[in-house]
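First the structure, in the form of structure tokens, and then the observations on it.
Order as written gives the chain letters A, B, C and D; numbering starts at 1 within each chain.
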Amino acid sequence: MNNNRIFPIISPIIAITSALIVGAILILIAGANPITAYTALFTESLSTYFGFGNTLTKMAPLLLTSTGVLLALKAGQFNIGGEGQIYFGALGSALVGLYVQAPGFIHVPLALLAGFIFGAVWGFIPGYLKAMRGINEVITTLLLNYIAIDLISYLVQNPLKEANAPSPYSPLIAKSAQLPIIIPGSLAHGGILLALIAVLIVYIVIKRSTLGYQITAVGLNQTASNYAGISVQPTIMLVMAASGGFAGLAGASEVMGLKYRLFEQVSPGYGFDAIAIAFLSRGSVLGLVLNSLFFGALRSGANVMQRSAGAPVTVIYAIQGLTVLFIAIALALEPKLRRDTT
Amino acid sequence: MAYLRLENITKQFGAFIANDNINLCVESGSIHAILGENGAGKSTLMNIISGLYQPDAGKIYLQEQLITINSSADAIKLGIGMIHQHFMLVPQLTVTENIILGTSKNINLNLRQKQVEIKALSQAYNLEIDPTAKVENLPVGTQQRVEILKVLYRHAKLLILDEPTAVLTPLEVKSLMTILRQLAANGHTIIFISHKLEEVINLCDTVTVLRRGKVVATTTTQQTTSQQLAELMVGRQVSLHLNKKSVASGEIVLSVKDLQVKDNRGVTVVKNISFELHAGEILGIVGVDGNGQRELAEALARTGVKVGYIPEDRQKTGLILQFNIAQNLILKAFKNPPFSRCGLLQQEAIKSNAVSAMEEFNIWAPDVNVKVGQLSGGNQQKIVLARELAGVPKLIIAMQPTRGLDIGAIEAVHQRLLAQRERGAAILYISTELEEVMAMSDRIAVMYKGEFVDILDAANATVEEIGLLMGGVER
Amino acid sequence: MNNNFLTDYLASTLRLSVPLAYAAMGGLFSERSGVLNIGLEGMLLTGAFTSAAATFYSGNVAVGICAALIAGGFVGLVHAFLCVTLRVNQLVSGLAINLVAGGLTSFLGRLIFSGSTQRLPVVPAIKIPILANIPVSGILFEQDILVYLLFLIIALTTYFLFYTNPGLNLRAVGEYPSSADTAGISVTLVRYVAVVTGGCLVGCGGAYLALVQINYFTEGMSAGKGFIAIASLIFGRWHPIGSALACLLFGATEALQLRIQALGVNIPYQFLTMLPYLVAMIALIGGMGKSTPPAALGVPYERNSAGKNI
Amino acid sequence: NNQTTTSTSNFKIAIALPGVISDKAWNQSGYEGVQLAKQKLGVETAHVEKVSQPDQTEVLSDFARRGYNVVIAHGGQFDAAIQQIAPQFPNTFFIGVNGNVSGANIASLRIDHLQASYLCGIIAATMTKSNKLAYIAGQEFQATQEELRGFELGAKSLKKDIKITSTFTGDWNDVAKAKEATLALISTGADVIYQWLDSASATVLQTASDKGVYAFGNTNDQLEIAPKAVLTSAVKHLDVAITYLAELAQKKELKGEVYKLGLERPDILTLGKFSDAVPQALQKQVLSVKQQIIDKKVRF
């Protein structure tokens, strides 16, 4: 009985340790000091004031996007399009931030809403194509990523570009549309709270609401749901739109809380990290929060390790990959270990 | 001589003992029946013989040689062929591809030549089949034939058939019996599992009854009766006969005029069907599988009236196997009070609904949180019934409601439906089990190629007459 | 001049399609056996790196190609071990492979190729007499060994899948593993072989990228081609020829957009770079839509639930 | 190798790079800049590579918080982040390379890209037979636009009707695409190509060489890569430029302005070796225009 409680904690720790050991070897080969690097990684990203702020800053888009992925997953849909939906959400909020004038208490929600809606549109399209036309959502969401990225690139370079900017980005959005900083002096902004609220909402919807029941039913068995009178196709479209909407919120929070403008590379791959996070969480909303925090720490720790220990970025990427891999292995082995010990 | 002998076979799943010290002896050239309730451990035992599972203890002797079977490949090499309860056919492949799967060490498929071989084989055993058809487009009865051919093609000497007749029409059952007798006469040894006691008595030489994983009796079919077997299986008295009260038929609940239904490929599969159905009446629909019954049922189930629909395939269309009992029971009503308030699920109401349904319908499970996928077919079916009847439906469409169930469960289903009839529900009872339909129904419609060839009065109809109509012979 | 333009266009289309097609074929083997493979990107990169490194040290392109084959197969083996034996979530395994491969190849690339530009020998083109002289399309017969090999692989894969026993086994395993298992086929073995073979093919695609197309290795040079290959695979409905054609479509629109830019047409370049994806999207919507994946794709096989509620 | 080293001077500079330090071009030049500064000025250095845009503020502020005296942001895309961060850290000087910002503690370092590409334009216009020139870069932004404009102005100063087409691949990493883009340009008739790419640079030059057309090197003197194709190179010694600004900062002489460094600093911006294909007369002409630019007789 005791084992059941310990394994979920122990096995990820073993996994992370193994990844770090392999990483240490690589860091040594690269001529840096692994101990310095790891000290930096952990103390900075989790225990120092600013470091933790940075971790939270990274966590916000990851948590929002992975929430979307998880929601889609509940309805049996693979949303690989988080990336493009982030870009679109960023666009939506930037447009409202740039062209609408309103007091903060209206402007912020309005811009967030716009971010949600823009992301939702980008999620709805594959949802519609899947539900009504049976077109595989993996391919459409993937393709829409590229289209969104190019589209935003065009917009920030042409109509939305700040005059005289050396690089494509928009002017600053209105002060009233900016999210507040929640840890003074650091970069951690209101987007983190937004993400936590979003997760809470999704948790309640999935666990407690009839809508969540409906979504889960559709995800598990479309035929049976259909016979029971559940409208399967609208559910899929709704879920895909909402999934895109959450990713859109991630884009919006990056624009409104971090950069205060629309810029070219809104997401350096959050969409793909989010997929890994959602799957590693195995449907658990708490897992989503913890994994996002962990990935956030890993991502912000990457910068820290470079800065203070000179560990090359290539090694850090390898360590990140290995960590994901080893955690996945640990999770897969967990039931077996449990069986063997009981 | 014993062809197959099992000694103290034990198989556990976790803490659950599915097979408990089983001893079994199957004579060479005989047809041996295994009987038992849903979940008694029949399939588990057969899976051990066919190499899919490994026993935790015990020995297997084939022709008095101690053997170990580590995989299906081993079993096939030893001449053991099994037709699984849930078909092991790849729907996306053709009949030929399914039959030859895994049999050849050659690189080349030689599909043409194999098709010819299979055509010949099928004709030799009177199992008519189109070798080029895709399995997913075939009716279940035909799929069963493919399964049998698959085993024969592998030259199995010991044939295990796990509930092969559950999906066959009476005619098909008859021809299967002939084939099995012929095979036994040719020296094949056969293990036959069925919930239909008549079949067992008619076909088999010996019978072993399992209950809760243990052998409770082994006897010859000559020395026993259906009634005795039933009691051995269930461990209590079972009534094998329905006592159907007469109910005065009421208002017209359903009136169908010139119904046409196209399937998803655009072929008209239901043609010009017209009938009326009264409250308190059971209209049975019989016909060879694949004559439009399913499409008719689905079309009617969608009419929007308060309809209770018991679909043919409880695992795919009736239930969400990953949901627990309580969740499955609200599948149709989850948006309504008392299960939902302000869009939130009311766990208390859902749970108490499940508890009372389990009690009322005799659903056996440790508690309401058990995943439905882990229940036996009988219990799964009872959940479907409990849910579909909960809304006090005016019309009930029951499609193959007893398929694969043990006699205890069948009895329960029948009683439920008859109770609904007495309450005043109109019932459409669709089945390939001719005798069952005749016992249950007030009137019987015979369906052939999408049409009702005739509607008969159940009291006066004979099996022969209906059998001919089902075959498309007009009066 | 006009002929040249067409010939160049054709050649460019081909070159852009080849690495995609290798990756798509590799993915096809894996996914037809029921193992999701989102790690094509990482496998391409691995192939590109190892082929460049092996050629760099040995001075022999054949050694480079073999190394890419082996390395790709090795990554496939890792993926198979994770997905088939350990039953790790297949999507996560693929994503992790991409991350690790990206990091490791860059890391090793810096160790090996630091300083000087790599000078790798070229893979010689083999002219097929007569055919190569046909105007315009003759260019198809003036290619290097890897291109011919690809044509052969596409043909062989088609033959293998639909006309051979092992191919039948592969399809059965991908659609309904319990069925294959009860027919005496080892699901594990088939999946291992398929994923490893697939890895080898993707590795080859990487070798083409590094040795033929570019002639040196750079960090992250797969640049998303693995994902386009996945899109092609789905687009081509997991059929070798369909997938190859889908790759060709991507290659052709890419080559086209580069030519539109080169002709100085006044369209913002972002609209041109998105063209291949847009065209694919339109083609999907315009009726070439439905594609059903192998039924068991992404589902680890466990015998104890054989025949049960899958 | 790239570890933090302590030194007596106690002056610390750091650089944030958008790409990888091994790209043999833009990012590598920035990295080499701080290495050179470390060597020449004895300062302590640090770097972070592959800084994505969402990470910019974090990286800049973290360096500042750690007491780095100079934080260099290597690329115009950092400008917005610099403006956002710099006011919070008055004791740190921020330098945006290729940037366009200035302030109390913000300086920008711009190489006058136009000047070198203008000279290349002159050479290209003389050497072309098809009267079609081409420009290829990874992405379009101010610096690449400026270079394109310089190239265009230079070419048109000789031949009014000359045609210049540009291609942007949209992905600095996609080397294969860059190569195909080059081939596409060549097949539409362009016979002199000016490129600004990083990892893909070499393949473009080699492709030009294979196809028998001319090209220019960029950033480094790339004549060696394809001696038959490369006419000359627009050599930008960003490392020297960075060291120069770092030195100013160390001496407390750095001002909050845009430092535009051009041909007047041959140690920073100059033309590379000419290939033999460039006739002596043309070389002379180009060098004299170069002098005119230095003397501010030619302005843009």
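The definition used in the following text is that contacts are C-beta pairs under 8 Å (C-beta built on N, C-alpha and C of every residue); 3 or more make two chains touch, one makes a residue touch a chain.
Small disclaimer: the values here were computed from a predicted structure and weren't measured.
Among the other chains, the CA centroid farthest from that of subunit C is the one of B.
Averaged C-alpha coordinates put the centre of subunit A at 35 Å from the centre of subunit D. Centre-to-centre separation of subunit B and subunit C, using mean CA positions: 45 Å. The mean-CA centres of subunit B and subunit D are about 76 angstrom from one another, to the nearest whole unit.
For the pair subunit A and subunit C, the distance between C-alpha centroids works out to 28 Å. The set of subunit A residues that touch two or more partner chains comprises 150, 153, 157, 312-314.
Residues of subunit C in contact with two or more other chains: 106, 109-110, 219, 224, 270, 273. The set of subunit D residues that touch two or more partner chains comprises 20, 140, 170.
Every pair of chains that touch is listed here: A-B, A-C, A-D, B-C, C-D.
Residues 1, 4-5, 8-9, 11-12, 15-16, 19, 106, 109-110, 114, 117, 209, 213-216, 218-221, 223-225, 254-255, 258-259, 261-264, 269-270, 273 of subunit C touch subunit D in their complex.
Residues 82, 86-89, 91-93, 95-104, 106-107, 109-111, 219, 224, 227, 230-231, 234-235, 268, 270-271, 273-274, 277-278, 280-281, 284-285, 289-291, 293 of subunit C touch subunit A in their complex. Subunit D meets subunit A in the complex at residues 1-4, 14, 20, 46-55, 57-59, 61-63, 65-66, 75-81, 84, 96, 98-100, 139-143, 170. Residues 31-33, 50, 54, 57, 61, 150, 153, 157, 164-169, 187, 254, 258-261, 263-268, 300, 303-304, 306-310, 312-314 of subunit A are the ones touching subunit D in the complex.
Interface residues of subunit B facing subunit C in the complex, by the touch rule stated above, are 13, 47, 50, 52-53, 71-73, 75-77, 82, 84-86, 88-93, 97-98, 100-109, 111, 150, 315, 321, 373.
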